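In what comes next, chain A is part of two complexes: it sits with chain B in the first one and with chain C in the second one.
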Partner chain A sequence: MQIGERKVGDKIILEVLESHFGADKALAFKNALGRHLEGGPVSLVLDLAKVDFIDSSGLGALLSVLKRMPKGSELVICGTKEPVSSMFKLTRMDRVFTICKTVDDAVSTLSH
Partner chain B sequence: MKAMILAAGKGTRVRPITNVLPKPMIPLVRKPVMEFLVEHLRGHGVKELVVNTSHLAPMIEHYFRDGERFGVQMAYSFEGNLVKGQVEGKAIGSAGGMKKIQDFSGFFDETFVVLCGDALVDVDFAEVLRFHRSRKSIATLVLRDVPAEDVSKYGVVLTDSTGRITRFQEKPNREDAVSTTINTGIYLFEPEIFRYIPSGVEFDIGGQLLPELVRAGQNIFGLALPFTWVDIGSVPDYWEATQLLLRGKVTGFTMPGRELRPGVHCGINVQIDWDRVNIVGPVYIGSSTSIGNGATIIGPSVIGSGCVVQPGATVKECILADYTRVTSAACLEQKLIFGNKCIDPSGSSLDIAEAQIGWLVEDARKTEDLSETEMQLVDEVRALTAS
Partner chain C sequence: MPEISLTIASRLDAVPLLGQLVGFICSSAGLTPVEENEVQVCVVEAVNNSIKHAYKEDPRHKVEVDINWLRTELIFDVWDSGVSADPKWMHSDHFAALDMDPDRLQDIAESGRGLAIIQQVMDSSEYTPGPDRNRFRLIKRLSGV
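Moving on to the complex of A and B:
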């Protein structure tokens, strides 16, 4: 699972560099994000602009990360395009996650 | 009059619906679009009609058979091969298809109508025939005026004051178009036109035959007249057409089934407790469908036959093919469900198996068998909807 990482202030921008985010990537994704979830509160932006396809396992992995985030953490998703945005809407995950258009929007959405 | 319905297209722009249904069989609410055409032609005295079939030919042939059930005589001219038990289409163009039939039996021995099987039309053929005869035309095109922004989708024509066609343009840019009058692909022909169609080659009416007739100095005519024309040439067109039909905006179309609640038409053998569902029409619910308690259905929607809408599910502005299961966890909004695909009105689609969304929408005949991830998601959605 290729994930690009950079920081804007204390906010961590993670960019999923896979076009296909399916069952075969779900576990690797959860493991890769594990180290961000072990300390104190974090502010994460997850950029899915390079993702062309996500299945239920991929969404499940996102959900499990959301649930494991330390108290006071924030996660904002951005860059979703069709059919990924359709998947979020169809599964009602668009109401579970905060979703922004761009990384900049996502960064400004994060409160701290 | 005799007639030919062009039904050999692959329907590329209506994919993925046309992966499982040939375009003429796409239902307008419940009835295949081609059935409306057959009925309309019969109403105008057409007794014999030939259909050229290719892509998914057996679905058309098995539905209409010899036409007796529809009050006409029907035959098919199949364009393709049977390879390893599978029908493989090999279409030969609209004019090529006509020529093949003529070479085979000389079927077209009088004035005949040719039209595409993928648009609902109610052209007054008696009026077109009167015009055709009065001009001693060998080819008469049914024309229509469209908004200037739409001309680039069609063949544009220019006519003189008698209706004689003086110019053709195939899909011109808006700024280059010589008029906003377009060829609807509905024709009246005399058998003489076959002199201008070569045998055994792919040949198109709009792109080759008509220009050939003009080159040969033949007078061909066009008649613009008002009529209903509901095109289902693409997924967005089909979506729009169904919305219009359900909203009652298409003259001559009546909703199937019985209206059991205002704006809600149903087939028979439907399982529903009207006091415990939330339905806002216009909605059609097919026979043998079950709507669970607490489900919400917002129109314009078509729910096919044998569907299962589970308790608590939401279906808003959707077209569901027969045997669709919508689970309690699902909130379907503006979706078409056809052939294991979840399709957006824009045409983009998700494969239900590939995207693993069987926990939301699935073939109702499959047993519900959810993976651990899927069950986790169902729980998550349930928690969400409860809060």
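Moving on to the complex of A and C:
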């Protein structure tokens, strides 16, 4: 699972560098993000702009990360293309995650 | 109209390519890009179920997807020869898996949405366990015909 990482201030921007985010990538994704969830509160932006396909396992991996985030943490998703957005809507995950259009929007949305 | 058969090893990392081929066929059959993606997800979910549950992720098996492209519908038959699922459970209403309270995050299940997606997107689905092979049939009607 390839994930790009950079920082904007104390905010961490993670970019999923895979076009297919399915069951074969779900465990690797959860493991890759684990180290960001071990300390104190963290502010994460997850950029899905390169993802063309996501299934229920990919969504489940995102949910797993959200549930494991330390108290006071924030996660904002951005860059979702139409196929990915439609899966968030279809599974009603758009009610669970904060989703912004761009990375800049997502960074602005984070409160700290 | 063509009948197409695709076979992959029972490995999760073999599924993306199969999914892309299914997407291409859906597009060729005239589905919109959103429909194409949704049907692709459904077939991928069915194949994932075969690999995860019928074969317990043992990679030494095969999953076959037969695609029958008729004038009015696309029929996807997903075949495995692993442990059969309970047809009553497969045919039960799975929409409840999509019900959740966003304010109760820890109560939201991380898995179990695949069949709900299939029931929501496909026009019909039917699971038939067999002594040798199990078949999960997914049907999508083609609009405009």
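Points worth noting:
Following the convention adopted for this analysis, the second predicted complex is superposed on the first by the 112 of 112 C-alpha atoms of A that agree within 3 Å, B and C clash if a C-alpha of one lies under 4 Å from a C-alpha of the other, contacts with A are read in each partner's own complex, and residues count from 1 in each chain.
In this text, contacts are C-beta pairs under 8 Å (C-beta built on N, C-alpha and C of every residue); 3 or more make two chains touch, one makes a residue touch a chain.
Here the structure is a predicted model, which means the values were calculated and not measured.
Overlay on chain A: chain B and chain C clash in the combined arrangement. Of the two partner chains, both chain B and chain C are touched by A:P83. In the overlay built on the shared chain, the residue A:A23 is in contact with chain B and with chain C.
After overlaying the two complexes on the shared chain, residue contacts for A:R92 are found with chain B and with chain C alike.
Stretch 95-103 of chain C is the one among 5-13, 77-85 or 95-103 that clashes with chain B after the shared chain A is superposed.
Where the contact sets of chain A with chain B and with chain C meet, they give residues 23, 53, 55-57, 59-60, 63, 82-83, 86-87, 90-92, 95-96. Across the complex, chain A is touched by residues 11-13, 15-16, 19-20, 33-34, 37-38, 40-41, 44-45, 48, 51-52, 98-100, 102, 105-106, 108, 110-114, 116-117, 120-121 of chain C. Of all residues in chain B, those touching chain A in their complex are 329-333, 335, 342, 344, 346, 348-350, 354-357, 359-360, 371, 373-374, 376-377, 380-381, 384-385.
Across the complex, chain B is touched by residues 23, 26, 53-57, 59-60, 63, 82-83, 86-87, 89-92, 95-96 of chain A.
Put simply, chain A touches chain C in their complex at residues 20, 22-24, 53, 55-57, 59-61, 63-64, 66-67, 82-83, 86-87, 90-92, 95-96.
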